[in-house]
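Going in written order, the chains are labelled A, B, C and D, and every chain counts its residues from 1.
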Amino acid sequence: MMNSLLDMLLHPLGIYVIALGAGFLIPLFDRAHRGSAVLLFIAALAALATIAGVNLLAIIKGAPPIFIETAGISPPFSINMRFGLFEGGVVFALNSVAFLAALHLLGSLRKHASALLLYLIMVMGINGMIMTRDLFNLFIFIEITSLATYALIGMERTGSVLAAGFKYIIATSIASAFFLLGTVFIYYQTGTLNIDDIIVHSDLIQGPIGLIASLFLLTSLLIELKPYPANGWGLDVYETAPSGIASLISVGVSSGVLFALYKLLPLMGDFLPSIALISGVTFLASNIIGLKQGNARRLLGYSSIGQMGLLTMALVMLQQLDAMDMAIIVVGGLFINHLLAKAGLFWLAGIVNREQINDWSALSQHPWLLFLFGSMIAALIGLPPFPGFWGKWELIMQLATADYYGWILLVLAGSLLEAAYLFRWFTRAWQGDITTGTAGLPALRIRFWQPATVGIAVFLLYVMGSGMATLMDVTVPAFLLPLAAGLAMLLVDGLPGRLKNIVMLLIVGFFGIGLTHNLTGINLLFSYLLVGGGLLISIGALYRKDNRRGFYPLLAVLLVSLAALLRARTSLEFFFSWELMTLSSYLLIAVGRNGLKPALSYLLFSLGAAYFIFAGFAVAFAATGSLLLADLGDAGEQAGLVFGLLAAGFVIKLGGFGLHIWLPGSYAEADDDFTAILSSVVSKAGIFGLVTIAAYLGVQADIGLDPAYVLGWIGILTATFGALMAVFQEDIKRLVAYSSMGQLGYIVTGVALMSHLGWISALYTTVNHFLFKGILFLAVAGIILRTNERLMYKMGGLIKNMPVTFTFTMIAIIAMSGVPPLSGYGGKWMLFNALMDKGWYWIAALAFFSSAVAFLYMFRLLQTVFLGQRKLEHAKLREAPAILLAPQVILIAAIMVISAYPKLLLDPLSATIDPWIASTLVWEGTSLVSHYGNWNAPMIMAIVGGVWMIPLIILLLVSLTLKIQKVEQFNIVFAAERPRRPEETHFAYNFFAHYDRAIGFLVRPRATAFWNATVEWTHTFGSSLRIFYTGNGQTYALFIIMYFIGMFLVNGGLEL
Amino acid sequence: MIPDIPISLIALCCGLALILIGLWGMLTQRNMIRIIIGFSLIDTGIHMVMVSIGYVTGGTAPIINDSVPLAEAVKRIVDPVPSALVLTAIVIGLGVTSVMLSFAVRIYKARKTLMIDELTESKL
Amino acid sequence: MIKRIIIFIMLGLMAMIFFNLASNYVENESLLKLGRYYAEKGPQELGAPNLVTAVVVTYRGLDTLGEVTVLFISAAGVGLLLRRTRRKQNDEDLEKADRREERAGVHKPASEIVETATQLLLPMVILFGIYVFINGHLSPGGGFQGGAIIASGTMFLLLALPESHISRILIAVTESLSGFSYVVIGVLGVILAGGFLDNRILGLGEYGDLFSAGAIPLIYCFIGLKVGFELSAVLDRFRKDDTGPEKT
Amino acid sequence: MIYASMSEWFGRVGYFGLTLLIVTVYGLLVGALIERIIAKVQGRVGIPYSQPFINIAKTFFKRTAVSHGIMFYLGPVFRIAGGIGTLAFIPVIYGSEMFSNFSMAGDLFLVIYFMFFGQLGMALGAGESGHPYSAIGIARGLSQMTAYEVPFALAVISIVIQYDTLSITEIVAAQQGGWQNWTVITNWVATLAAMLAFLGMTGYSPFDIFLAPQEIPIGPPTEFHSAYLSFLQINRALFGATKLVLFMNLFFGGATGWVELMIKTLLIYMVAIVVGVAFPRFRVDQGIRFFFKIPTLIGIMSIVYVQMVLA
């Protein structure tokens, strides 16, 4: 049968033989020499992983699944095991992680020989749970695993861990009792114990006994998966057990149980809805409760339980949808993701060894650990490129095809909540020196080899995630390029900052152009803005002399992922790049001065947005059966819903009205040069998305005007309130940020018009916005660099020091305001005409109002910063650095050209739109003629130039005869008194107080209050969900009994 | 009445009753040792259930020798499988009990108490 | 109080469920599929008159290996949990407390009757245990039962002579070797016979003989030894831990 | 090309110069007239009609000047350029190619937006002086502007719907053929809203706090003097008259000759004067809230009106 010993050892049976043999021998070796026992232990674990790996490889290459029969008798009369693709995959992954966990734990494991053998046999037990095909044998493996786990939990023998362990034993032993009872009655009805045989004869399982027996089995496995609320015992163990053990319980034992459930699912056909519901509720509830959690390990516990809930739910859903062929991606992806990330996090928790997440701030001193930490958290959330991303994607797609929209909502809501607390934790860790708690704690002492296992886990996450891309319909190299760029930049991260910037420009230029050079239409247009614009604005970043570790790799990822976004053909590619962009921009905001908190809200809103987009794509996929973006238009009846979801996503990303609260903070606290990129470049990605879906859905699928009309209103409200809020800002960056929000509102309205002119105005404004916001934020960067202030009333009179910056700012502001002759007017004119064309009069009126309001803040910016009285300490300030002005010059030049000859821009824009909507642009010479009126830009430019030059010349001539006296700063007519200090005279603080009195009530931070209340409410809800966690083991046992009874009653018990 | 009730049903009912008693003990007794006893009762109850399930009306021990010749075996013996399973289950129960007991010992040593409701420090 | 009420409601519902089980239970009139197969084929296939043993050792041999493992790890677990900490400075108080307890007579020596009875019965108990596992394939009994009997001997010993010393090394070596040998026999089944844990690596012998049924007696010997020593070790552990449970 | 040749272009410039002159002079005279009327109401003699011209000449030829910087210097230039430009984009006399100025460059929308040009430049110039009153005045003025802009915008939208065009020439054309065709008759709701906005636009009481002629010397231009001030004075007359012309065109049938123009604009102006004399001054926030209430409501009604009644 098997000739060589090696063959036999590499047979899956070898897993048992080696584990048991080594396990039995460890005490003997230990008697001889502790080191040899440890060696044996490590070797055995390595062998376990190797065997699984070798066999898995063979199966992947096409070998048939291996059936292991025992006793020389064929099943069902003897016990057999199966090693197929799924078993192999899970076993291999588990054994590898177990090996790493052992290395991580070796320090404490090696103290006791029995701990070594317990660990080894626990791993074998999990292997057995996965491979065995015999019901009673499964029970034995569950028990082996449980017993070993009990002992290992108690290994440290502190009071709390023992208490937790005892509760754990009570709970799991009741679960085991259920399992045994179920097994017995199943045997009673079917006369067999072989799972396959039972499935064949499942018709024999019937009547009350059949029902009760099945429910015993099912409840037992579910309890082992720690469903909410009967899971307090599990959480206690996660909180207290040694991190390596906790990691193995979280990822190993649970996975074994889940696999057992998977094997028995064919018997559970009637109960699939309840299983799905239970696991779904568990996923959601754990994540809500997680929000309230301050203890790091317990937090991980909630996350673990939540993830297992998600996995279970995914599994059941696939079974229910008869889509088990997708399991390899959905469950496999989520599983690998959870396995590596959660294990890694537990190990990290062990290394950091701080109970409260607030105390994890110690991690801020260790950038590499922080990197590992962040990677794992991103993986858990399901961000690309990690395996969870692919798994979640496919899961949502499958759910959508079955019209399970409620489930989609549940998964996405749960994920968002999980993101909230995990990234909050990450933020705490990154933040460093927060005052609470850390004072008394010594700095972390981490030996260099300790994080190695975590590092391997993270490395594997990246590898597996990238590898999984090959399973999906993705042009892999293109979409992994952002990561490649980031990696390349990471390698040169030691270079001086400016050099890195240049390297980054080269890399991004190379990759970006490579990605986008053969694009057409809207994508091509946006490639100029996103790639070209990104590069241009990034030049400004050269003004920073410092090293900026980590900044350039992230920026490279961001910019290249923007390029990749444009290249996306399918919704999956789009979403992948989108998420990558979200993640990298989050990190870039977070590296800003006080960027962490606003970055968190940025991330959460961005993820919320992403999930809307996700759901939209899913619905579209369900409707069209295609992932191609080009097929979005075939969504038929669902087009309105798809459009609504996608538009909601993009609008959140653009800081739409009511959903904008992330925007000012992130723009304000990000690095100044990055804010310029964020506003002028990154926001364009949202517009790109909006235009794309408007093209495919709005025009092609003809969703009707109602969703578009709503979008139009959202846009104009955004514009109005963005402007109103900008008026009352004291912080220069916040002011420009709100202004950005307002300007994007016009674009949204333009897109919503779904007419040629509307789109032209949107695209034109987009370009224009890129130009003037680039200038404004770069100018602001220069101002902040020089003054070291952000509050405008602390500036003033800077025109004397920074005339160039002032001029550029002024031009940008005129271009923004829409005052002729500069480029802004065209956008307003087209928008107004398009609005009138469409009959959206109220929106037109608001557009008027908001552009009037915009004057207030624009003037305020110029007045309080550049004009008025200069502060004494600013007397010696210099002009902004040339490198910061250089991109502005280019942008100014572009504004001027477009202002004078808008046709240069409008023609290509029109050509971009023409394929979607027939052109309505009528040119009469240089004059653009609409239904209502006309716009002759060159002529306006000429006339304005003329009427401006003539008085100027006159004044100059007069001046020749005048004795013009240049006066000192304070030489003003001020009640005949000469003010002593500029602070007394510079009218800047609360500039529009009267306006505030008049209509300030409109802009009280209601949105912020609303979101705060939402957060508060969620937290309260989260704590109320914790009511079940009394800490009393008996109560937990009672929950388990109740759980079973509940299952019984729900699943037909009432009818008996 | 009495002859109507099959012997295995009586065993089954006893077993189930034991399980209930054990559950009662586990849920109501605060002392950990008593909880462990409750668990043992459940265990024993399950074992009784298992054995009674394996009973075949009028069957005898599944040992094929002179008293039960092979030819009659199918008709005369009880099911050997549940007996084999019980054997395993007993050992497992024993293992769990011993570990539970050692936890109790250790908890007592660390906390000087055996009351389970005093071990609620980790809960939220 | 509410909790109590809930508990009783739940137990009531549980009772209802159990009632459902019992009321729908019908005593088997004939053997189920597995049982029938074993009854028909068992004796010829494996040569063991005791079908339970045949099922335990061979047909469901993997279960039994697992069972042995369970016992092994529970012994290891108990050992791990109840290990003696190396005496450190701060443990001295504990030790003093222990000594006080000893002086107070917590560890009372057994009465003379017990002692004598033990001396008389111990060899017989052990011998009986060995008999039970060696004859496991012929008559009711087997490795576990035999092992348990041996361990009860140990229990006797510990009751009678609380201070008696049980060699840890002996236990460790025996359980390791017997366990390992069991695995080796299992592997030999793959090489020499039909599969893992196949007992037919040795001749089936004369049906009903002591040395028959292939490797079953051998396996049962190893199991018996292992179980006996492991249970003894567990008992020993509980004794050695010097925190006798207080009466509460 | 709309302007076919260079000669036509020069011709237009010439005629525009003429228009400019007429409108400016007219604006100054009206200013004097108003002063006189107010004086009469208050029982004073009032200024002679030449006074505004003398004022300008005086300031223009003043020999000393103080400059606070380049933007201060440019402020009046922007300001007067705004006035001239606004006029340039409005056709002044209906049916006269000569006095249609450069209205072909754009439409009503252009005029409305270009009106901001001068204000913005002025604001910047005033800002550089460093005088707080300038900043305060501008802050108030801008705030008030956002408020009266709302009823005005609504009225404009209403008439754009009504006439289906943004071209001022065409709007005037549509009102020809007798007073019954004037917007003030056909769309009296919009006219009412616009006239209320007009009160704010002219900067007379009750909406004159941003200029605050008494408390803050003269509002935003506080620091200006000499030639700078003369520019501002000219612009004040010019810009005021331009706005009157615009309102006349939009709501009162335009003018086919200069005399008609002067009469109509004077009457329109009188509205503001009468209201100004009769009502005390609003605080800024009161003024803003005022515009957001009744006039805005009327503006909204005007759109409803034009859709329901005129459609």
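The criterion applied here is as follows: a contact is a pair of C-beta atoms (placed from the backbone, for glycine too) under 8 Å apart; a residue touches a chain by one contact, two chains touch by 3 or more.
This is a predicted model, so every value here is computed, not measured.
When the interfaces A-B and B-C are ranked by C-beta pairs in contact, the top one is B-C.
Annotation: 53 Å between the Cα-based centres of chain A and chain C.
Chain centres here are Cα means. That of chain C falls 105 Å from that of chain D. Here the CA centre of chain B is 15 Å from the CA centre of chain C. Residues of chain B in contact with at least two other chains: 19, 23, 27-28, 53, 81, 85, 88, 92, 95-96, 99, 102-104, 106.
Contact with two or more other chains is made by residues 7, 10-11, 14, 21, 25, 28, 32, 34-36, 38, 59-60, 63, 66-67, 70, 73-74, 77-78, 81 of chain C.
Listed by chain label, the pairs that touch are A-B, A-C, A-D, B-C.
On the chain C side of its complex with chain B, the touching residues are 4, 7, 10-11, 14-15, 18, 21-22, 25, 27-32, 34-36, 38-40, 42-44, 49-52, 54-56, 59-60, 63-64, 66-67, 70-71, 73-75, 77-78, 81-82, 138-140, 142, 144, 208, 227, 234, 237-238, 241, 243, 245-246, 248. On the side of chain A, the complex with chain D involves touching residues 797, 799-800, 803, 806, 810, 814, 817-820, 825, 828-829, 832-833, 836, 841-842, 844-845, 848-849, 852-853, 855-856, 858-860, 862-864, 866-870, 924-927, 930-936, 939-940, 943-944, 946-948, 950-952, 955, 958-959, 961-967, 969-974, 985-988, 991-992, 994-995, 997-999.
On the side of chain B, the complex with chain C involves touching residues 6-9, 12-13, 16, 19-20, 23-24, 27-28, 31, 33, 53-57, 61-65, 70, 73-75, 77-81, 83-85, 87-88, 90-92, 94-96, 98-99, 101-106, 108-109, 114. Interface residues of chain D, counted against chain A in their complex, comprise 1-3, 13, 60, 63-71, 73-74, 76-78, 80-81, 84-85, 88-89, 102, 104-110, 113-114, 116-117, 119-120, 123-124, 127-132, 135-136, 138-140, 142-143, 145-147, 149-150, 153-154, 156-157, 160-161, 164-167, 217, 222-223, 226-228, 231, 283-286, 288-289, 292, 299, 303, 307.
Touching chain A in their complex are the following residues of chain C: 3, 6-7, 10-11, 13-14, 17, 20-21, 24-25, 28, 32-38, 41, 45, 58-63, 65-67, 69-70, 72-74, 76-81, 83, 169, 172-173, 175-177, 179-180, 182-184, 186-187, 189-191, 193-200.
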